[in-house]
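Dropping the structures in below, format is structure tokens.
What follows is a pair of complexes built around chain A, which joins chain B in one and chain C in the other.
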Partner chain A sequence: MSKKHLENADMELAMSRVDGRVKVTGAAKYTAEVQLPELTYGVLVESTVGQGVITSIDTKKAEWAPGVIAVISHLNTPGVPEYKLQNQDVIQKQLRVFNDANVYFNGQPIAVVVADTLERAQYGASLVKVTYSKEKSFSNLKDNIARAIVPKKAKADPKGMTSDFIRGRAEAYKDAEFQVNEEYIQPSEAHHPMELHSIIATWDAEDKLTLVDKTQGSQQTAASIAKSFQLPAENVKVLSTYVGGAFGSALRVWPHEIVAILAAKKVQKPVKLVLHRNQMSYMVGYRPYTLQKVAIGASKDGKILGLSHESYGKTSMYEEFTENVLIMSRMMYDIPNVDTKYRIVPLNVSTPAPMRGPGEATGSFALECAIDELSYKLKMDPIELRLVNYAAQDPDKKIPWSSNFLKECYQLGADKIGWNKRKAEPDSIQDGEWKVGYGVATGTFGAFRNAASVKATFKPDGTLLLQSAIADIGPGTATSMTAIAAKNLGIQPENIAFQLGNSTFPKAPMQGGSNTVATVGSAVVATCDNLKVELAKRAAKQKPEWNNAIPKNISIVGTQLVNSDEPSSKVEIASLFKEDNLSELVIKGDAAPGEESKKYSFYSFSVHFIEAHVHELTGVVRIKNAVSVIDCGTVVSPKTARSQSMGGIVGGIGMALMEDVVIDDRTGRTVTASFGDYHVPVQADIPQMEMMFVNEKDPYLNPMGSKGLGEIVIIGVAPAVANAVYNATGKRVRHLPITPDKLI
Partner chain B sequence: MNNFQYKRVSSPIAAITELAKDPAAKLVAGGTNLIDLMKYGVMSPDKLVDVNHLNFNEIVKQDGSLHIGATVRNAVASANADVLKYQPLLSQAMLSGASPQLRNKATMGGNLLQRTRCGYFYDISAPCNKRQPGSGCGAMGGYNRMHAIFGASSSCIAVNPSDMNVALTALDAVILVTGPKGDRKIPISDFHRLPGTHPELDTTLDRKEIITGIVIPDNAFAANTTYIKVRDRASYAFALISVAVAMELEGTTIKDIRLAMGGVAHKPWRLKEAEQMLKGKQASVENFKMAAELAMKGARAYEHNAFKLKLAPNTMIQALKTASGIKA
Partner chain C sequence: MIENKTREKEDEGMASNSRRDFLKKSSVITAIALTPVAAVKASDLKLDERLSEAIEQMSLSIEINGQQYNLKVEPRLTLLDLLRERLKLTGTKKGCDQGQCGACTVHVDGVRTNSCLSLAVMNDGAKVTTIEGLANGHELHPMQEAFIKHDGFQCGYCTPGQIMSAVACIHEGHANSETEIREFMSGNICRCGAYANIVNAIREVKAGGKV
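Now for the complex of A and B:
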């Protein structure tokens, strides 16, 4: 039997990142590095109170400072036309930038200083003096849980994922022989991509705007800005050629982007605005602090009879942020009785944002720890417990999975990490001063597909240019799309260029929710097929047998077009351009999902295994080994897929062991905003990692057989760490991060 | 950052003269801390006096001591053969601090003067008696997980963030300084201050004095030294607790010992009572536990750092075990 799954070594020789060289040599220019003539620099002035009203802004000193061109606040803003409209979306009510004197969170942008250099703008910003009528602010979720509300979204969509839900009976866990009933807390986490959020705004005309901007969706940003400034959609152009990570923080327009556009309007010059690292923890969203209550009841054979899951997450005072924390509890296991309740707590904080594995990473932490806790009560292996409750079809939608290779994931991972070394009794393996434990947890995320188009420009020399508005925030989209086109057409990857991150390119969704390969990849396939049909049509004029060629059998081999059905019919590519003297062929392709989501339930799956060592005296945790096994359908680009999974493990270790946005509730101010205080894993925290892929195709989602990958690589990692720490020490930490103080 | 003048000096006298002339002048060497603080608006010197070109770059093993010049880079000192041979504890401590890039820049003198990393000291919208005397202490009723358990005052509970200083304290280092009134030798225990009512003063160095070097007297500890640093990640994080142990063993008897702790006070915290207790005793876990208990006398925790009351003695026991090689 041939091995289908992929391990680290199998991916070593796969195609490398097509833009790897320009990225590591610095040739790739990120937004903050772009220089334009007449460029000016904006630096934000932030509120220093958590709630209140600005009573005065003294800008005199700043305005007189050398190089300062303008100081803009609610007192002199050119204004955002959308704010004057009546029919604004009440759920997604963005912070109205410089609209009035109200302060809703500590760190809110309340003015901007524009100067001829960054340093002069920074100094100018330090000279702006603000006074407030200060009010009491509320930022602690636990203390203010009584303020929890049902989101408007849930009221608008009673069947949605944030609405109260009951399958079977509520609180059925209470009747079961074995029960777990616990509270789990995951603190706010900042995205902290390596690249700071940055924008350069240029008004090309009174009603025409060009933005160089860090965004996960050039067209969505363009549309949002066009709406805010009441401009014709085609008059806003957004360029986002390279994005140095985002993890969800660039899925929407944030206040600093509006500020830059307002400032450029005021000074009539391009304005560059780059956030400070500290501002990245409260100006561009974060994974919200979430308190969850999970109760599970099972019979002694491990069959789960009832699951109750509640979630309380932070949101801002002006906007309701919701995420799907509770999906996994509804669909992951075959449980007859499930009830879920989702609430949000409006506080004096900025609005959260989706962060890698949004909702599910949070939900899986609570659910997968609770399942682990149940396994100890039952004295049952946690993998076996999961297999006992394996859902053969989606118990929520009650339709078959499009594909589900979870059982293979458990098997492959258990073998790889050496699960047989694990002891059922916690605190039983000692390695010198270190206690050793093993943990497992499962992850899942919906496998989505949207509509997209791709434009192909094919030249007589056999080179191909593909264009799409899609962003590449790091997964290697240009690489995976090149791989798909190369496979479809037979062209060597080095003869294909894939351009992206430009709102004027063909339609694409935002890069978020792991849908890019399924969506844009399908459009690449459609475009390549269209190109082959066009080439065959032209070839038929030379050799009539091409009339019967079907795209699947057509490929480009070297300088020739070949039909595998009729090997003798090959023609020179260049000859196909001669007839009408074309210098290039321009072909478009569109692709959109069909009705398949009504018939099948689409999810990607992952299982994560962790070996943790915990120091007996100092409580220090060292992850010694990590294995992730991924069911994301057919792997389209193995090397970049492996990198994605690697990043997911690292992010999950950060979430489990160190990441924590702490707010001083007296002032609402973030006290771990700097990189000195907000810890993300360093190289020394990262263990031996094995990234494995089941690599079995999903027959229904798209022509490549793939499913989404970007989210499931992190979902489940943090609970696997927490479960390993428990197995090592017998200490159950239900409030992340698991820092040494919690283990001594 | 404010506008400032920059002056490069090439002699100690020139540096002292600049400091005497201008009360708002500051020395800059590696700049790994000061430049950061200037960017945050925490410190706004109107003149930077660059001492990188003073000739304090040597590490010399002399009779009875090891001399390390003030402008020697931390990376250089931590890899120096004499340091590794005679004072390995210092190397261990320095290598557990910061990152390779920072250690390449940071100097010995600068590290001695490193300022606290208290978040309220760094946030200019928060009160801080150290940054702005009389404004109050943000940390005391705020987020104080990283803060002091020894020697704090009602005006400041910040800790000294340096690893190097903890090792130097255990090794009875002497700080060489020079100023308008001539040369001085300051024992490291007298160099850093407790906050008292003047937390704005980190050290007893006069404003017009400069550090020229560090002297570590010879000892017989090299074979049994350990620096253990417990932190929230494996590297590049400040200590929750750190412990420096330098021990002279005769068989399993502790002939002599030095102990210092980091992450617990406004200055590196020397544990003399515990040293006295252990001196002449058997190196045993039993005795280490008793010493650790003694070391914690007078410790006081705040809302978020109570864990240090347990982590500190635990870390000390581990450090003593590692240094002595005693496992049980």
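Now for the complex of A and C:
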């Protein structure tokens, strides 16, 4: 075994977050905290029916209330120009805000009250009286499965993950000696980042907008808004310096953002609109309720002969939301016969959104539980079963993995959690009143890389400023980018600043799908290399041997530029600025993926181990130990990577044991909208955990050797919990969350 | 006058007879008792509203982070919104606005309090400490240092509330074991899942005896 791998103790000593100080002192300004003159407050009025038509909106009392400046609805909206265009994208059709009197879900924003203080806007909103012509609403997926449709995306992209797929033969599992054929339900889950979704919209001119906005992509939000309001792209500026979590909820523009912009247009002042916590469960997306059917057939030796996997997910009436629920079934194991079918069911609910580990986390719950169930039928260790079916190359694309250290992950994790303590027979270990069980599951997510640019400003005093439009929703992007630059240049991290979350900064993708380090990190490396070339060029005017210097041998040591090939030819950094009297050197670097994805299949992998204790009388589940072993390539920032991984386990425990967006199907209203009803893990639910990284570089994805991390840390956690609960109790819960009532 | 009557009629039509409605009516009546011309003018200027606005302000004397504030506030203003929206002390966070997440935790007379559940006027004469008042100038509080060292956060949004709660947790004598810390820190939700690191930070500060 390689000694490269990282454990808790190695990572605790690593570099701390560069924005730690501003976050622990309260100095970091999140969206709703940015101060603007003449600020006004917008509060939404929501529909109270699940489907119908607004017949009247009485706004007089609200308008008359002290401090209220305007009440805006479909009756007096300034309008969104894009809604009038003919050629709109018919697949991604956003809710048309205040466009007409139609109501598609309970909680739909139908008006906004703008006032000079928050209290006055809230009171004003309570005075708006709405009447409806109410129609029957449909929000239950199981009851309405007959309404399932093939997504338009499947028709547009027949080879994509949402199209019906067959490798080998369909339903080949039926011919196998050992079979599992079960239904699994993942209920809707709300992202609930701790920062409420917020926006401050300001029209700087008739055709110019500035938005302080909670978003995972400042430039993508700017582009989307520019399109909606038919403005020149450069006239929309978006700032999102600090984002208090998102987990996928801020990957697109939502109705409340359009509302704030419309309101600001109407009142000609900056409008701040902050969602209420309860609104966060139905206004900014959610992991959709998904029903899956998985059938697996294997021979006695554990070799899986056939896998059939169907998925039915919720979507809204106005927009088709799809995700890669079935990808893992196609590529994770070496199975000759695989067929998949993906359907969506349009209902009177708002549009879902990718939530951390998106469809893959949902799919892994069904697949990895089914694999576990198969292991019991075969009387085979579930790790052994996975190793028997290990795919030496990507069975879906039929090309080699860029890197795959899954076998190492299984080994490291099994040793760490003490897998040998597990009993093959469920309900075998008792600890007082608690039944003890161990579970394992695998996670995987594509390792992606996009195009990005970075701007560097280097000063004679040796300090470096890097800028990118990328967001940081919490993983510590400025920290990991600083670590990459520090390693590349030799500059001490404290002399590097990384600024982000500004649409006017150089190009970056959204922070989502675990692509930030691979994408922006590559641009940081390119920029640092460009900077070194420029410095060497300048140094060569003093010492000609610098003409031969290559970037990887150049570093900045203290106040000097050093070439490891020619240690004697050091030059003072400050002297490189003298010749043209420059006060700073500005360098840009670009990086984009090449042809590598044609040759190799890029995935990150994780294996999660859970020790669960189940109280035999009450059915309460306590997670006593959790070990994740992660193959995400080289770890560029160990301390933050460890925290990110622990966060994945915590999210997965929530998914497994408590999170459940319950809708009252009579009204379409979300019942579990507050933290009082929608339970997320709290301190008492979470044990100490061991995060391990294989830390072997991926040779092909990017210069750092990294892959992605943010998704694989949650993908596979919920099934590992469910599998541990089964091992402890002999009770198989296939409908999350695993609440005590399902175990007693 | 016609406009006035219409408005009065609408008021009568309301099911609820709130204090505000009463104030509106009484101020309109006061206006009518003057001259008709003045009444029309009063209505146009929404004088009744301004009157009720003035009446509805209450005085509040409060010390925040060692600074004395003498304010006029609406009674429905929460301590949290006073801090964030009026005084621009945005270090205290709004996570749920209904006492379920702990992001708004501050110390009121030394006791940890969800500032979203406390009306500002309930704190007349109180001494409040927020995250902005925890450090000693440039020198961070040991709990702040420990949160950085142990990476007790990711996005940082719940962090001020966690830190204020953590300091109080030790002061209360509720940080004697890992289990006890978990229990007494369970009112502060961290969606990024930094719980294990937060426990480690609190244990270290407790062991260091500096709090």
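Everything that follows uses one rule, which is that the second predicted complex is superposed on the first by the 742 of 744 C-alpha atoms of A that agree within 3 Å, B and C clash if a C-alpha of one lies under 4 Å from a C-alpha of the other, contacts with A are read in each partner's own complex, and residues count from 1 in each chain.
Rule of thumb we're sticking to: contacts are C-beta pairs under 8 Å (C-beta built on N, C-alpha and C of every residue); 3 or more make two chains touch, one makes a residue touch a chain.
Because the structure is predicted, anything quoted here is derived from the model rather than measured.
Visitor: In the superposition on chain A, see if there is space for chain B and chain C together, and answer fit or clash.
Guide: fit
Visitor: What is the contact status of A:E195 with respect to chain B (first) and chain C (second): first, second, both, or neither?
Guide: The answer is second: A:E195 touches chain C but not chain B.
Visitor: Tell me which partner touches more residues of chain A in the superposed arrangement, chain B or chain C.
Guide: C
Visitor: Give the angle at the C-alpha centre of chain A formed by the C-alpha centres of chain B and chain C in the superposed arrangement, rounded to the nearest 10 degrees.
Guide: Between chain B and chain C, as viewed from chain A: 40 degrees.
Visitor: Counting only touches as set out at the top, which of chain B and chain C does A:E119 meet: first, second, both, neither?
Guide: both
Visitor: Taking the superposition on A as described, I'd like to know which of chain B and chain C A:P681 touches: first, second, both or neither.
Guide: The answer is both, since A:P681 touches chain B and chain C.
Visitor: Go through the superposed model and pick first if A:P493 touches only chain B, second if only chain C, both, or neither.
Guide: neither
Visitor: Touch check for A:P475: first (chain B), second (chain C), both, or neither?
Guide: Touch status of A:P475: second partner only.
Visitor: Applying the document's definition of touch, where does A:K29 land relative to chain B and chain C: first, second, both, or neither?
Guide: A:K29 sits against chain C, while chain B stays out of touch.
Visitor: With both complexes overlaid on chain A, does A:L617 touch chain B (first), chain C (second), both or neither?
Guide: Touch partner of A:L617: chain B, not chain C.
Visitor: Quick check for you: in the superposed arrangement, does A:G160 touch first (chain B), second (chain C), both or neither?
Guide: neither
Visitor: Identify the partner contact of A:G79: answer first if only chain B is touched, second if only chain C is, both if each is, neither if none is.
Guide: A:G79 sits against neither chain B nor chain C.
Visitor: Using only C-alpha atoms, work out how near chain B sits to chain C after the chain A superposition, in angstrom.
Guide: Least C-alpha distance: 5 Å.
Visitor: I'd like to check the shared interface: which positions of chain A are touched by both chain B and chain C across the two complexes?
Guide: The overlap between the chain B and chain C interfaces on chain A comprises residues 119, 123, 674, 676, 681-684.
Visitor: Of all residues in chain C, which touch chain A in the complex?
Guide: On the chain C side, the touching residues are 7, 10, 14, 20, 46, 49-50, 52-53, 74, 76-77, 81, 84-85, 88-98, 100-101, 103, 130-132, 134-135, 140, 144, 147-151, 153-160, 163, 178, 181-183, 185-199.
Visitor: Which stretch or stretches of chain A touch chain C in the complex?
Guide: Of all residues in chain A, those touching chain C are 12, 16-17, 19-30, 32-33, 35, 60-61, 64-67, 117-119, 123, 192-196, 242-245, 247, 274, 276-277, 473-476, 639-640, 642-644, 646-651, 674-676, 680-684, 686-689.
Visitor: Quick one: in the complex, what on chain A touches chain B?
Guide: Residue list for chain A touching chain B: 48, 119, 122-123, 126, 433, 615, 617-620, 622, 657-658, 662, 664, 666-667, 669, 671-672, 674, 676-677, 679, 681-685, 737, 739-742, 744.
Visitor: Applying the document's contact rule, which stretches of chain B touch chain A when the two form their complex?
Guide: By the definition above, chain B touches chain A via 1-3, 41, 117, 119-120, 122-123, 125-126, 138, 141-143, 145, 228, 230, 232-238, 240-241, 307-308, 310-311, 314-315, 317-318.
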